[in-house]
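A, B, C, D and E are the chain letters, set down in written order, and residue numbers restart from 1 in every chain.
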Amino acid sequence: MTAPNLIVTASPHLKDRDTTPRIMWTVTASLVPVVLSSAFFFGISAILVILAAMLGALLTERALSKPGTLQDGSAMITGLLLGLSLPPGIPLWMAALGGAFGIGFGKVIWGGLGQNAFNPALIGRAFLQTAFPVAITTWPTPGGSFFALKGDLFAFPFMHPVSDVVTSATPLGLFKFEQKLTSVVDLVLGTTGGSVGETSALVILICGAFLAWKGYLNWRSPVSILVTVFVASQVLHFLNGKYPDGLFMVFSGGLMLGAVYMATDMVTVPTTNKGRWVFGVCTGLIVVVIRVFGGLPEGVMYAILIMNAFTPLINRVTQPTVFGTVKLKEAK
Amino acid sequence: MSGHQHGAPAAPTPDAGSSTARLLFTLAFFGSLAGAVLAYTYQKTLTPIRKFAGEKVEIAVKEVLGSPARLDTLFLVGDTLSRSVPAGVDKLEAVKVFIGINDKGERTGVAVEEAAPGFANEVRLMVGFDPATRALTGFKVLAQSETPGLGDKIQKDSSFVARFVGKLVTPLKGDKNQTTDPSTVQTITGATITSKAVIKVINKAVDTWKPRLDAYAKEGGQ
Amino acid sequence: MTTEALTTAEAAEPIVPGAPPPQPLWLDFWRGIADDNPVMIQMLGLCPAMAISNQLANGLGMGAATIFVLVCSSLLISLLRSVIPTEVRLATYILIIATFVTISDLVMQAYFPLLSKTLGPFVPLIVVNCIILGRAEAFAGKVKPMRAMADAFGMGIGFTLALCTISAFRELVGSGMLLGYSIFGPNYEPWVFMIMPPGGFLTMGLMFLVMGWWSERKKAKLAGVAA
Amino acid sequence: MIANLSWIFFSTLLINNFTLAMFLGLCSFFGVTTKMDTGWRLGAANTFVLVMTAVAVWVLNTFVLAQAPYLRTIAFIVVIASLVQIVEMAIKKFLPVLFRELGIYLPLITTNCAILYLALTQTTRGYGLVEGIVYALGGGLGLTLALTLMASIRERLDVADVPAMAKKMGLVLIIASCMSMAFMGFAGMGSG
Amino acid sequence: MAFFGFAHGVHPPEEKGLTSGLPIRRMPYPAEIVLPLRQHAGKPAKLCVKVGDYVERGDPVGLADGYMSVPIHASAAGRVSAIDLWPHPDGSYAQAVHIKVDTYSMQAARPRLVPRWEGLSVDQVVKAVQDAGVVGLGGAAFPTHVKLAPPKDYKVHTLIINGAECEPYLTSDHRTMVEYPERVHFGCRVMMHTLGVTKAVIGVEKNKPDAIAALERTKPKDLDITILPLTVKYPQGAEKMLIHAVTGVEVPSGKLPVTVGVVVQNVGSLAAIAEVFDTGLPLIERIVTVTGHGLTRPANLIVPVGTKLKDLLAYCDGVTKDASEVINGGPMMGMAVANLEAPVLKGTTGIVVLTKDEVRNEKVYPCIHCGRCLDACPVFLNPSWLGDLARVKRYQEMADNHLADCMLCGSCSYVCPSNIPLSQLFQASKVALRRIQTAGAA
């Protein structure tokens, strides 16, 4: 018998096949249909916006982080999700800036992957929302030629977008400011105004279900968000007909994208399953409160960010009960 | 005390404790000195402060009423209007309505102060309107803390202010698009809430003050 | 006062417990601007440093008011340091400071009404600015008037400089202007973010980051030399 | 009335949060938020003093200061300092356990600008007694919320691999910025 | 019996098919056996032979040193050729007795008196079991006689027999149950008699239907023995998990099973007890599963204790080219062996040879707080948070977060997508914590 080339490692010697990069890249891959649907509705503009956001995120990660962190794919997801949550006509420099801001202040400065308390994509989005409130609420009309540029994509960096945009309000905006409801069929299919990747609720839902089935997404927070939003708005609708019904609320705006892809970012939501329920229910309630009573038509981004801030607290109070300690507590 | 200067321990008294009388005296002395100094400063600065406050209101009134020849001021006493300041209230702080009168002695409009919650905080306006026709003569922002560059257009964008002149408050409505409706105003893109707050303030002003003015007119006051 | 008595007084100075060690006057002054900058190093007075720093004019106004209160109160406290009993010194300091704050508030209302309006309650809030009470307690109450003044000026200018840096940055990026004059031209897309509250925190954070980066670099260099 | 009070409460708690939007009480916000327990305890103590101050300020404004508005700042700061002192003594005497936990933070409250800010704005806005108390409650709870959240995030960061340059204060301010940004989502609430 | 399983846990690939169908074979005696004196939990045995002595099979070479200790017996007849420090499977060196196996010996044990268990008092049974050197054969090697005499303060009502064998690859217990069910039942009878309990439950994972069938078939009519099929999950065989699965009761944190009136024993140990009261032979050989994709011919073997691993592997036709790690025990909790000179011990359940592809990927990513370890931990700890604490060396806080309840089952490490060696960190932290506590006490 020949002496084998032995190595010695610590137990356990077996390992589940999933790795962090594998999770990240699967999530990225699952977003491909969402990107394709956005390209279908908004043409080349959608692709350009997504690419710009990704470029901003990846370059910042490359410049500020330790070498080799690009491979884990998390910066890619941040850029992709940010791009999907922006209006298709936003100047590209803004999209890239948002990506850079999200990665820089939302992730790298916290110590990199796994340490940040807030979702970097949403930090980038919130920054853009606050910094350029007009550009980010200018919604071009979907449809038209594939190669037609919507809005002033190529505005000179740091300069005002100049060309006029053919705008159409988002369903939520229409409702908030003009009390007009959009049909649920349009919302589900996505033939409405809105951000690049948030319009087609159906595609997102299918992609999310696929991820959940593969086990790369914890279904608890998205399910609790969607159910809470539906129930809460249905109750409001029942109390006073001027408030929108549950179906409209669930399928409009960025709720689907937020619930499926942003409220499941493992780093920034509670680690405990109990905590994920709490997170989801609270996020859903805040979404309804902001949409119905707040000044903004859409509140998913803010709701998730606010609950991100609560995450360490939720984690703390929802720690699992250690095996064999229930009796001890009772005895005390 | 400061919490940040832990390095400085309380100095022990050199003369082994001052008497309570001395402590009280010191505090009383400095207290009265401070009071005196402040009273003096207050007297000195009161005139310019009041002048500025008065001027500010006057400028606003003149602006919303289109520089009338003469201004009449009515004060709110209880729920009715009166020519005299209610007892015990400073003239500057009393709730009042300004009536613009042109050189022919006709009433051109009235100006009142009104406020409502905006996007960030309260929006306070001077609203000028003609109580007879419910037509707006203009408005001026007295206080707001809306989003800079967006919501604050209600103060800084004169074209927005101009959109309101001549509109009928029956009541006033807002719309995203350009409109020719006499009681609809185009809102600011991206600042719908603030625009609506302005509209709300105007509606509130007309709704609360028109009955009071009508009642006052019925009683024969002019 | 004879020369001899003066020498005795000089020698007696460090006996006051907790009194700062003797130093050249210019160092008393310089310390507040650089090594002991109230905002950047001691992290005092952060509230006004962020709350009113969205325009350079505000920073200047606030800085001026603070310098006024700081210098006047330091001078007065230093002058009266032997009169005020230790037990009630803090109460007296607060009285003195509050008086000067109210004076500056009234004067601003009267002669700079617009600035006073934008600064709002932050002028009277100078009373609780830890810098002022801190200097009174740690310095002015224990040294001679000249040193107290130098220190107060230094601290005040240090505070104002920090304030101006922050507010200039925020105004420049947030509206493309400085003191109301357009710098980047009419087509500049302002980052409204910077003049909103999160921008205040961010700008301050950036300053601390730059300082942190600088001190890390220095540390690394020292380590490199040592190695 | 109820609508007005709830507007005061929620706008102070969420939209114009004392810490995150008005930049008040930052010394304690940055200074004592390394542990969550101290964070929320300080917040609770602050809330208590805020409510007491609101009552005291109402009394002062109604009965004492009407004739001498120029003495407001002095009167308020003296009242606040005494209040804190009284509260400290009362807690020490009647709730010694709580005092042991809160003791070192109580004097810090005097220099917390949120208290004086409350006194001043309560005056300029002409709030009555009930409005003042609700305002103080909103402000105090907002403060507590910000302190607790900040502390819980910082506790989590204790085990994180934060870059050296951000360790001291930089990151804490970035966190504050992010939280402030998140709370901007409530803007415009109650105006719709 | 509310539950037949437990919450959480993981599902590593079982890989038991390699050996589960192979009958147990006896391995021929090697040329030399090495018997470390430290083979069990508790004090090592006391040496009682010297170089040059001739020992028969079953003669003691080390005697029990106190109550928490058992003797070590020669597993083959031969001459003591050396007593020295020799590689121990745990990676250290330990005092060991070398016996040069007598090739011409019949390898028959000395004739001995077989005790009749029915007539013995509890103390005598305990003594007999201790003298026979019986320890838990599930891996921990806890002296079995100690379990036979639980503290008098507790009333034991159930004997639970652990036939779960949840570790992947291993089939030694499985084959024991299939081929020697009578011995299991006999050992069970002795234990029940000694403990004075009337009820016994044998827990067997559902993936061993042949074992369940064999046990059912041979079940004695006069005893209340239940054979309970358990869900297939790792670590179903952990003592506390098994008790929870069988009785629905959680053993209080930091307490022994006996506090809830339960004694747990491994099927292998029962067979060993049966051997003691059947033939009088002490524990000198055991059933070892030699398996893994890195091994040419996997097998279930009766191996004399003290056989060197290299001899064992050679008997199985050696390892394949891509073999990269040899593990003493199961792949989840077993330890990698650095030196194949180390011998098989009483507690060696199996030897697994892993290939390059199976060995953990060593690139460690930061914790992304995915929460998978929380779902995996059988004792409901928060390994993610504990891991963070361990990284910054906050051991005291780890203790406050129930580090002591961690049984190092490795489920968290197994699921961690970031490859964080959680269970290794916890082991190190436990050591560090003990050091801190001793230092504090001193």
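Note that in this section a contact is a pair of C-beta atoms (placed from the backbone, for glycine too) under 8 Å apart; a residue touches a chain by one contact, two chains touch by 3 or more.
All values derive from a computational prediction rather than experimental measurement.
Asks: Enumerate, in label order, the chains that touch subunit A and subunit B alike.
Replies: Of all the chains present, those in contact with both subunit A and subunit B are C, D.
Asks: Report which interface contains more C-beta contacts, comparing A-C against A-E.
Replies: Greater number of contacting C-beta pairs: A-E.
Asks: Just by CA atoms, which chain is the most central one?
Replies: A
Asks: In whole angstrom, how far does the Cα centroid of subunit A sit from the Cα centroid of subunit E?
Replies: Chain centres of subunit A and subunit E, defined by C-alpha means, are spaced 49 Å apart.
Asks: Centroid from C-alpha atoms only, then distance subunit A to subunit D, rounded to Å. What do you get?
Replies: About 33 Å separates the centre of subunit A from that of subunit D.
Asks: Measure off the straight-line distance from the CA centroid of subunit C to the CA centroid of subunit D, and report it in whole Å.
Replies: 23
Asks: Quick check: how many Å separate the C-alpha centres of subunit D and subunit E?
Replies: Comparing mean C-alpha positions, subunit E is 60 Å from subunit D.
Asks: At least two partner chains per residue is the criterion; list those residues in subunit C.
Replies: In subunit C, the residues touching two or more other chains are 44, 91, 95, 98-99, 102, 106, 130, 133, 192, 196, 198-199, 202, 209.
Asks: For subunit E, jot down the residues that touch at least 2 other chains.
Replies: Only 366 qualify.
Asks: Which positions in subunit B touch two or more other chains at once?
Replies: 1-4, 34, 38, 41-42, 119, 147, 149-150, 193, 196
Asks: Just spell out which pairs of chains touch, all of them.
Replies: Chain pairs that touch: A-B, A-C, A-D, A-E, B-C, B-D, C-D, D-E.
Asks: Could you please specify the touching residues of subunit D with respect to subunit C in the complex?
Replies: My answer: residues 20-27, 30, 70-74, 77-78, 81, 110-113, 115-117, 120-121, 124, 164-174, 176-178, 180-181, 184.
Asks: Can you list the residues on subunit A that touch subunit D in the complex?
Replies: Within the complex, subunit A contacts subunit D at residues 105-106, 108-112, 114-115, 117-118, 123, 126-127, 130, 176, 286, 289-290, 292-296, 299, 301-303, 305-306, 308-310, 312-313, 315-316.
Asks: Which of the residues in subunit E end up touching subunit A in this complex?
Replies: Interface residues on subunit E, with respect to subunit A: 10, 12-13, 91, 168, 240, 244, 250-255, 294, 310, 313-314, 318-319, 323-327, 331-338, 340, 352-354, 358-363, 365-371, 374-375, 377-382, 384-385, 402, 405, 408, 410-411, 413-419, 421, 423-424, 427.
Asks: Sort out for me which residues of subunit C touch subunit B in the complex.
Replies: That would be residues 16-18, 42, 44, 54, 83-88, 90-92, 95-96, 98-99, 102-103, 106-107, 109-111, 113, 130, 133-134, 137-138, 142, 174-175, 190, 192, 195-196 of subunit C.
Asks: Residues of subunit B touching subunit A in their complex?
Replies: Residues of subunit B touching subunit A: 119, 147, 149-150, 174-176, 187, 189-193, 196.
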